[in-house]
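Two complexes follow with subunit A in common, the first pairing it with subunit B and the second with subunit C.
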Partner chain A sequence: MKKQAGVWYSLPLFAWVTLFFLIPIGMVLLYSVLSRGNFGGVKAELSLDGFAALGNPAFLKTVGITLLIALVSTVLTILVALPASYYIARTKNNLTLLVLVIIPFWVNFLIRVFAWMAVLGREGFVNDLLRWTGLTQEPIQFLFNIGAVIIVHVYTYLPFAILPLYATIEKFDFGLLEAARDLGADHLTSLKKILLPNIRGGIITAILFTFIPILGSYAISDLVGGKDGYMLGNSIAYYIGKANNWPRASAIAVVLTLITSLGLMVYFLLNRSQQKTLVEEEVK
Partner chain B sequence: MGKLIGSEIRIEGVSKSFADTQVLKDVSLTIKKGEFFSLLGPSGCGKTTLLRILAGFEQPEQGIVTLDGNDILPLAANERPVNTVFQNYALFPHLSVFENIAFPLRLKKVAAKEIKKRVFDYLDLVQLRGQENKKPHQMSGGQRQRVSIARALISEPKVLLLDEPLSALDAKLRHQLLMDLDLIHDQVGITFVYVTHDQSEALSVSDRVAVMSQGKVLQIGSPIEIYESPADSFVASFIGETNFMEGKVNAVDGRMITIESDKLGPIKVTVDSGHRQGPFVVGDKVRHTIRPEKIRIQTTKPNESADNVINGIVFEVIYSGFQSRIYVDLDNGFRFKIFKQHVQYLEVGHEIKWNEKVYLWWNPDDGYVVEKLV
Partner chain C sequence: MKKLGFSKAAYWLTISFLFFPLVVLAFYSFNASPGFTFTGFSTRWYEALFSASRESKSLWNSVANSVIIALSSASIATIIGTLGAVAIHWYKFPWKRYVQALSFVPVVLPEIIIGVSVLIFFASIIRLELGMFSILIAHISFTLPFVMLMVGARLSEFDDSVLEAARDLGAKEHQVLLRVILPIASPGIFSGFLMAVTLSLEDFVVTQFVRGPNSETLPLYIYKMVKKTIPMEISALSVLLVIATVVLVFSVRNLMKYFVKGT
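Our next item is the complex of A and B:
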């Protein structure tokens, strides 16, 4: 058999993945089945206490809210990012627009979240505007609820969705839309039947780049979520930082990882079956 | 699959500009029902823009475009009974060959059974039966273009537009597909409008050809008319190759005129009574041509009765199997281009070589006065 060339070239990657991914994940798994140390940390005694409380309604509610926030934010992000990337790909000065998409990264993430607090707060810009136009008398509480968490997530992850979408749309042959119209499709049908299936890779990437980070998000819900927008990330932080319950925090992290992996699997399965139905349609 | 009915296309006074450049200048032409009509011209002559106006992708600033008398300019591309075969095929990469061809029918919500039947009919037409489950990227260029032709024909349009459909294919495949296109045209019977910059493509399959340059139609006619009696010097040089000469008419004797010039002496040319540039009178300054394949070349002096005898020295011989391209220089620097068909091996007893003294002559019937010079 031919000797496979370049096996050793993957050594740095292998070391990196082992050191920073496999070992930490292993530790999280291990901690989740150990018992709680008195002042943080863990004791070397097996225990399932970490998982015990995960069945209670309060925790399930947090799981539900986290999923809801991640789902709604992802859908909204994609809905905003799709037309935006389409426009950027089709316009001439797309470099300028791409730079504008990236510019927010130049400002520290936390500062940008604080900026949203200034915009949405009781004395914030939006409330000032509403009162000035006379639409409202009293300030409206925009912050510290699920809505605020979703808005800031959409804002934060928009560039992560726009960039992969732009990259695929930019490579799309727009002559195909012309061909579709020539063959009798109206504008919307040609976008739906020709553009969308051909940029599916970009859409999947954009969904993964938004949904997964939002699922584990912590800072945004901490700052603008209040008690309604409390997510799994906050829960983990609480058990590590305040409650000194590392097994519990690890157990939640394990649950989160499971949800993410399950979500990915469902997505890929759906994706595959969708391709299958296309094939079946052909046969009919 | 029965024979379909094509449309008559009338284009009247169509003009179109992009930014500062006017790409179509007052173009008028009529394409007959069921005709195989070519728009021929160099790149940038406006032929593709004219095609895109017919397809509905561009709107002219001025002019009228009708199909069988009905104005089609207000109709969007998807509402016109006109389909296009694109240069780069424009097949949908995510769909199989079957689904690509079925696409127009699916849009019309045709019943699945009917779709299947018709797709297979058209697969037969383009000789791709058995390939229906392939994806476009699994096929060769020629096969892809066949899929594209089937897809454009399946909704039974009145007009098929072909935008340089063969330019991405190699020469052999191009000839094959060209013949197939001709057959398909005979079978479906609708009007074909074929855009190309390749004169041999246009001449070989078209019923009529419109030669375009710089946004204008220079000549419309059958391939023979365009080749044998070109409207002007541009058409004469763009279609095939030719030798241009200039001189002054110094005798008119019925259909025969004699054109005198310092470099070539008297040259006799026959002109028809209905000649585009005629009638000719003594003193007219004219540009006339002789096609390279119509010049005879020999190493011995032609007999006395031959007209238009010129002698010179062979400057270059380019051999290409079925013919040789021979350049012959006169003493005064005038150069003739001759295509010698190799109808017989070593016709003059030996190969014509560089620096050899040769005689050229041609029949006055083969000369053509292409332009009157002012």
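Our next item is the complex of A and C:
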């Protein structure tokens, strides 16, 4: 009786993940090794054409730029998020401070990107200001480059870093810092040697929450990236849409999934090694 | 405590960074001329939002589509996800590990992969025309794991002794579900539903891939406008949306308080 109920409750979920997760992702794998159809779609002929073109310099450059953008944005996001979440964790009315971080994200994602276009555009706030103060005569284009893509990514993923960081720092015993200082460590040393190792789990989670979505990001680079900020996501969208080359799009999607899985594996390894060191320390 | 000076400054700088572009956008929503060079104060973009023009009609149409998709996909995802989380937490069944592993795929894979895979699936296997239905399916898929996370987190606060007690007292399995499990899980179900609605309203990437004609959602409409021109109406709309969201969040909070008191 009890067993049967579990079967019934899980049946819709079972059907859903099989039909709409497993099969579609299997289709992407399959499409990546089929040949391109004459009128879009695919032909039922095995072919490695989808992957073949991935070795050319233009594609490798896209991979490089995607990794660069993801890496730099993640590092910047963590660097900004760390002191901010530290402050939230150490104050009394931390709920208000947290809500302040989240409020901008009630605004639709695309409107937030658009807002950055209003700030950085040739005709935009910064140029408006520069002209008004007489610093420049000609407007400067701040958009459509890697820098703009990185700024908007940092902006978008900050809360995703602040929330896990806050959650771990909040549990940290700040008495340890005082102890370190009593033993003669200066402020910076105590933060580096005591706080950072203890909140490693939160930092790793924050990196995961920013790095992986940025790898597959598409809308930001599409709107503010221009030619220089062209990422893997844009490439997938291009081959699915305009170029109508679904095997190529699928092959790129497979590559992106592999890079993502690699990132996840590193995450789990790091997490496990951290748990191990904690246990070892406790045993000692 | 005096040592907090640096992190305090860092926090407020971060907050200004987060609010700055939105304040800029709000500022230009009162611009008298189109574009981001301020020439004077006017409310013409707010008036344009509510005019009877074709533009504003397709805008409100996309808002309606977004709301329909968000409410229906969140409802279905909440039902499937809640039952699934209950089964995973408290019951045994043969495909448990399989379901557990697969349901979190959308959390870890980039959104764009979900979009591409659902598109290929629709175009090749079901051979259905893309539109509201494919968007609905895709939205249920990527919101499902978040509902399960929320409900699961709530369920893990209890152990299965409550179920055993109900069964010992003679409750049938459906009574256990309706009278014990669902009331216990209700805060998780509620926050899961809200999360699903939010994610659905927000989504651009997945929707972009599985869209069809006449199924424009608000993010798709904004994207189209931003690509084409400098849509000043959108900045006016965003100001109104912020106000609406703040009002909504506070009334939901009060509603929640009311419910918690009620139980």
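Definition applied: the second predicted complex is superposed on the first by the 238 of 284 C-alpha atoms of A that agree within 3 Å, B and C clash if a C-alpha of one lies under 4 Å from a C-alpha of the other, contacts with A are read in each partner's own complex, and residues count from 1 in each chain.
We adopt the following convention: contacts are C-beta pairs under 8 Å (C-beta built on N, C-alpha and C of every residue); 3 or more make two chains touch, one makes a residue touch a chain.
All of these numbers come straight from a predicted model, not from anything done at the bench.
Peer 1: Which partner chains sit in contact with A:10 here, subunit B, subunit C, both or neither? Use first/second/both/neither.
Peer 2: second
Peer 1: For the overlaid complexes, name the partner, subunit B or subunit C, with more touching residues on subunit A.
Peer 2: Looking at subunit A, the partner in contact with more of its residues is C.
Peer 1: Please indicate which partner A:37 is in contact with in the superposed arrangement: first for subunit B, second for subunit C, both, or neither.
Peer 2: Touch status of A:37: no partner.
Peer 1: So, A:28: does it touch subunit B (first), subunit C (second), both, or neither?
Peer 2: Only subunit C is touched by A:28; subunit B is not.
Peer 1: Touching A:226 in the superposition: subunit B (first), subunit C (second), both, neither?
Peer 2: In the superposition, A:226 contacts neither subunit B nor subunit C.
Peer 1: May I ask you to decide whether A:155 touches subunit B, subunit C, both, or neither, giving the answer as first, second, both or neither?
Peer 2: A:155: touches subunit C, not subunit B.
Peer 1: Mind working out whether A:119 is in touch with subunit B, subunit C, both or neither, as first, second, both or neither?
Peer 2: second
Peer 1: Applying the document's definition of touch, where does A:260 land relative to subunit B and subunit C: first, second, both, or neither?
Peer 2: Only subunit C; A:260 stays clear of subunit B.
Peer 1: Once the structures are superposed on A, label A:180 by its partner contacts, choosing first (subunit B), second (subunit C), both or neither.
Peer 2: Once the two structures are laid over each other on A, A:180 reaches subunit B alone.
Peer 1: Write out the stretch or stretches of subunit A touching subunit B in their complex.
Peer 2: The contact residues of subunit A facing subunit B are 173, 175-176, 178-186, 189, 193-194, 197-198, 200, 278-279, 281-282, 284.
Peer 1: Quick check: in the complex, which residue numbers of subunit C touch subunit A?
Peer 2: Residue positions touching the partner: 3-4, 6-8, 10-11, 14-15, 17-22, 24-25, 27-28, 35-38, 79-81, 83-84, 86-88, 90-96, 98-99, 102-103, 105-106, 108-113, 116-121, 123-125, 137, 140-141, 144, 167, 173, 176-177, 201-202, 204-205, 208-209, 218-219, 222-223, 226-227, 230-231, 234-235, 237-238, 241-242, 245-246, 249.
Peer 1: Quick one: in the complex, what on subunit A touches subunit C?
Peer 2: Listed in rising order, the residues of subunit A that touch subunit C are 1-7, 9-10, 12-14, 16-18, 20-25, 27-28, 31, 41-42, 80-81, 83-84, 86-88, 90-91, 97, 100-101, 103-104, 106-119, 121, 123-125, 128, 155, 158, 162, 187, 212-213, 215-219, 223, 233, 236-237, 240, 246, 249-250, 253, 256-257, 260, 264.
Peer 1: Subunit A touches which residues of subunit B in the complex?
Peer 2: For subunit B paired with subunit A, touching residues are 55-57, 76-78, 82-84, 86, 88, 90, 92-96, 98-99, 102-104, 107-108, 112, 116, 133, 151-152, 155.
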